[in-house]
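Each structure below appears as structure tokens.
Two complexes come next, and they have one chain in common, chain A, joined by chain B in the first and chain C in the second.
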Partner chain A sequence: MMRFWRQREFSTAAILLAEIIFFAWYLWPDGDRSHPFLNRNNFLLILKYSSIYGIATIGAAVVIISGGVDLAPGAVIGLTTVVMGYLFVEAGWPLWAAGSAALLVGVATGLLSSWLIIRVKLPPFIATLGVMGILRGAGFIITQARFYDLSAKLPRNWHVAGVSIDWLGPAVMVAAAIVFQRLMTGYQWGRNVQAVGGNEMAALFSGVPVGLIKSSAYVLSGVLAAASGVVLAVVQGQGKADLATGYELDIIASAVVGGASLVGGRGSVAGAVLGALIFGVLRNALPQISGATFYDRLIVGVVVIGIVVMDQVLTRRGSTA
Partner chain B sequence: MKRLALLIVTVAVAGWACAGGTPEGPRKLKFALIPKALDIPVFNYANQGAQKLAAELGDVEVIYRGPDHADELKAQEVLESFISQKVDGIAISVLNAEFLTPTIDKAVAAGIPVVTWDSDAPASKRFAFYGVDDFKSGQEMGRQAAELLGGKGTVAFLTSLGAYNLGRRLDGVKDVLAKHPGIKVVETYDCQEDSVKASQLIASGTNRYPDLGAWISVGGWPVFTQSALAPVPATTKVISFDTNPPAPDLIRAGKVQVLIGQKYFGWGSETVKLLRDYIKGAKPASTIIDSGVDVVTAKNVDEYTALWKKMEGK
Partner chain C sequence: MASLDFIDVRKSFGAVQALRGVSFRVESGETHAVVGENGAGKSTLLKILAGITRPDAGSVKLAEQVFDHASPREALAGGIGMVFQERLAFPNLSVAANIFAGREITRAGGRLDHGAMRARTRELLNELRVPVGPDDPMEHVSAANAQLVQVARALAFDCRVLVLDEPTTSLTDAEVDHLFRILLELKARGVTILFVSHRLPEVFRLCERITVMRDGGHAGTFVTNETTPDAIVRAMVGREPPVRLSRPAVDPSAPPVLSVRNLSRGHKFHDVSLDVRPGEIVGVFGLVGSGRTELLETLFGIAQPTQGAVHLRGQPLVLRSARDASRAGIALVPEDRQRLGLHFNLNIRHNLSLAAAARTGLGRIDTRAEIRASEEMARSLALRMPSLRHEPDALSGGNQQKCVAGKWLTTSPVVLLLDEPTKGVDVGAKFEIHNLIRARAAEGMACLVVSSDLPEVLALADRILVMREGRLRGELPGTTATEENVMALATHDEAVGA
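Here is the complex of A and B:
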């Protein structure tokens, strides 16, 4: 039993399931009204909005496992929507080209962060805090505090091959989760990321290209956050400098709730995505409880602490057993 | 040390050169225009209105600066910096009246006239306020909703907690709806000033209340994109604050029935006029200048858009 619980993804999935059961019970409708939470439409909603966090949290988890931290994802998401909006609305680029070019925001951010951390030797917290400011500033300079309305140029009720565009985010999230879970557990690169996060000096002496591995983590985090931004620009229909303000903390919290240790060396990509879903369910279900809207922030805070404390208790018990 | 001395000398010489380089014409009046936050799109129109008027007048220069986000401490910092720059006048949208009143009074004590716009600081020594009465504009939204619903049905509110003006608007809406016993408020949603969150709440709220009579949004979050209201069925009416593009398109598409607009350009142009007149000795007849609101519906949307384009100078 204990070994099962030490498979961190399973315990995170169990928490998610318990959460869904709880809200299904709590929000059970009177009489013959349809269930407000437990229905297909609502699950798509949860997936759609969780994916904005979920895609980015994969990159954030890899950075955290490598022993760093990335505070830039929220700002990357915001600037990506702006760049994409500019190219699509103002410059008249086709959507796919605007989206692809906007991903370069993530590449550039990752390169800048890793240069500051590896070459200039700034602590990751400070380096990415600075980068975050630069990106938000760039977004405001481009938009002059206005926004690009992509929605006017996008097809109404857009379906691709019979599937609603709302599935874009969830599809990207699941695909990225599968790919990176595999890369992290089955390939040398993933083992190197964990080695660098676990003990950087030891990794260096055993021949791991530490700088390269760290760079790859930050570039990955940038690109995945930019992918979140592309998805957001499409589903929200806006390119706006202040979109996703403060999301970096939710993204980091998702990774931590999903088992990533902030001291590095430990964590899971799949767990991080499950963590994002745990918050996604909360964001969806809490406003449905009459009057609970105003308790949102407090409950989310308590849940973060609760899950991490529970994890610590379980791992401690696991290691002494 | 030597380098520092050199730097100081360079700066001094440059400063002297600049000062000497300015032609001795009549000095322009320098006004500061301070929005509540730079990231709220409607405030940019205040700047446009002010700059357009300044260019027409020729003797006024307007500096537009404010906090990035709605942050009262940063608003105070911006205000303080304009006091120390000794600008000729300040037009400010007040983020938190109680918090910023002492700093506004400090500006007035330093000989800088202050006018407030959009959001007032009634207890301060500002000489005038230009803007809407939020309570009244909320009442207008309530009346429009009651009329659209024919006096019966369910409504959901969308707001952002903590903003004083949004709270007043909501009070106005509730004040009118209370007179209609057939109208039931099912929920008040808090989008925390996050337009993505607003979209999500509208989608999950629609899912929860498929037969909802009307959405009443006291801020413009749902009308700044065509995506946010996409899940709302045609049977649900939408009444929202703010009329800047692309909001009018939503009326044309039948997604929104009523928009309530403020005098966005006037926030800048009218306050610049007030400051300029005040310095020349002409005080406004009343301290509170109610700008009124524009009620935009399918009937007058084209007229409104034409007027908007003219204001933008396009």
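Here is the complex of A and C:
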């Protein structure tokens, strides 16, 4: 168990903690005003919005570990909010049925990507870039520049079993992180994902069902991105074709900051979720710093590079010691 | 004209001393061999010479001048040409572009002078009698010609010392002859040749002196005419070379485990029929291009036959994937362990358990059972490693090969297919791998060993099948086969025996 703390997830968690301490210090209020960053409501806010990225990042990390890349999650999130909106608001389906249908959209997306990659033999970057365009386009065609207002049909200040619906995203994220971290480290499926990502030919020659493993990764990425979309539609109360535009890059960056290697074979689900939280804190805290408004994208870019460089330096030192 | 001196060269990687004070001299215009087991320090020495790494202490002198080159570019400019086992770096570029990569001929203003490069390439290729054109894409050039293109690249930069690292591994005999003729011509022009090889017969044929390295040190330099291959092998390992061990006779009437009838696959191989009985080691000898690897891959389900039938324990067998083969109890230890055998992102334990676990499905891994099984396997393989938690790049070539074999032995296969099981492996590990195969055969496993290493086939196989140009050309009993009659079948003779 001691070895766990020397693993990559620990350093990602340490970065997250350092980041929280930094902003707590930097944004410390004058006098006896309440702390704008370090308070319960703000943390719920961070978790609520990070979970939209975090849930999808789990799937993206699995795809990256399997040696691929998925550019579709942002578009999947956008389209699922639209599908949710259409079925729930226009067609009058119950919420659970609309949500399930939206998840099926995620499954279909994953199947389409893996068909293009495994059967048509397109490079994952191109295949998922195309799928991203198709999905985004489908969203616009369905909505015709309108948007669906789910909030009007959802209960105001909605609580389920005494818990605010705001906790839906964080709960899904944590549950999925625990399940998939276990599957990746303690189950043959996860081992096979790593084997395919580390050396696809050797995996094939070892009797690993390479095609099945790869498509399971893309289907998972599709489903989890759809789950993000469902959460976003419920929490934000909106179904809109251009939601989550550009999220795919933040999602991939989260996975990479969390230790995933874009050449495949290495990475962790827990690390990816921590990576999503690192960005969530940044997105929350930077706007509170006066004058930082125009700098926040730049800072995010520098942080991505900085964390990955730091990791390389640390692992290099670790391997020669 | 240039001599080369290594003076007390030392190099460590972390705690590992790769070179512990190596000193020897290569005379100007000499053909000089460097031999040694894997891990003896040859590769590190070559890397220092090529400017890829720098020594911690000691120096290299080129033509009596201290040669302190910090990069491959400076090494090349200083007149050291390297020919590596692997193909050139740019399969997507033309032959001419490969030859001049990094030092292109340019006109004023930096524009590439394609004409001049093409002309110079044509000149060099003619000189080396390589039947390729300057505009041919490198990826379409055969392995043998690719090697000669590397020689041409070295010559294009006026190399004074030509270093060849295992250049003959994937060449046929005729191609080796051609390469050696060229090297002797270069020697006549005064080029110093440093030849690194596992193949002692070639070393004896080509080189005037032989330097033996052992455990990062210099074990001696011998004048070829005054020594013997046995003496060199003794200097390399300090023990006698492997000999054929007596093996229990296999009952020729026992029903075969694996039975192949009239198997063909496209242009790769035709009409192959063979049987392997339980406990039997059948050797398939064939040179590169004879179809032997393709045959094994077909028996392992990687590719499908176009004709013919395979029976396993009397049952017809149709394999659509390696997974099918693995589940049926067939294992393949592939030739290229780096590319097809090992996962460098997984630790040794995970590598060892991959095939067995891939067979069982996608369920939960019993970590304790996995640790127990892999520890046991590592022990029975005598795997020399820092720990099971290390990744396979911490292993020497021989131990990597044992690791790949171990991955399959954990599945307790009925049929064990081995493709060049000791390629690029040192003498000691080779002996261990041979014993491993013998031990498994003694337990009743049916082993089919494909090899282009003649002494290996002779030392190991109960029966030797010889393959040439996609067909089996004959069968010889292992006890009475000689190098001459196997080689005759592999190169020209029509079937005897069988």
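Throughout what follows, the second predicted complex is superposed on the first by the 315 of 321 C-alpha atoms of A that agree within 3 Å, B and C clash if a C-alpha of one lies under 4 Å from a C-alpha of the other, contacts with A are read in each partner's own complex, and residues count from 1 in each chain.
FYI, a contact is a pair of C-beta atoms (placed from the backbone, for glycine too) under 8 Å apart; a residue touches a chain by one contact, two chains touch by 3 or more.
For clarity, every value in this text was computed on a predicted model and none was experimentally measured.
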Using the superposition on chain A, decide if chain B and chain C clash or fit. fit
Tell me which partner touches more residues of chain A in the superposed arrangement, chain B or chain C. B
With the two complexes superposed on chain A, say which partner A:F294 touches: chain B (first), chain C (second), both, or neither. first
Partner chain(s) touched by A:R283 [first = chain B, second = chain C, both, neither]: first
After the superposition on A, what does A:L232 contact: first (chain B), second (chain C), both or neither? first
Looking at the overlay, does A:I52 come into contact with chain B only (first), chain C only (second), both, or neither? first
So, does A:G130 touch the first partner chain B, the second partner chain C, both, or neither? neither
Determine how wide the angle is at the CA centre of chain A between the CA centres of chain C and chain B, giving a multiple of 10 degrees. 130
Should A:D149 be classified as contacting the first partner (chain B), the second (chain C), both, or neither? first
A:F140 contacts which: chain B (first), chain C (second), both, neither? first
Can you work out, in whole Å, how close the C-alpha atoms of chain B and chain C get once everything is superposed? 29
Check chain A for residues that touch chain B in one structure and chain C in the other, and list them. none
Okay, in this complex, where on chain A does chain B touch? 34, 36, 39, 41-42, 45, 49, 52, 136, 140, 144-147, 149-152, 154, 156-157, 232, 235-238, 240-245, 283-284, 287-288, 290, 293-294, 296
Note: in the complex, chain B contacts chain A through residues 38-41, 43-44, 68-69, 161, 186-190, 192, 194-197, 199-201, 203-205, 207-208, 210, 224-228, 230, 245-246, 249
Residues on chain C engaged by chain A in the complex (per definition of touch): 13-14, 300, 302, 321-323, 325-327, 332, 334, 339-346, 350, 354-355, 357-365, 367, 407
Quick one: which bits of chain A touch chain C in the complex? Just the residue numbers, please. 186-189, 191-192, 194-195, 197-199, 201-209, 264-266, 320-321
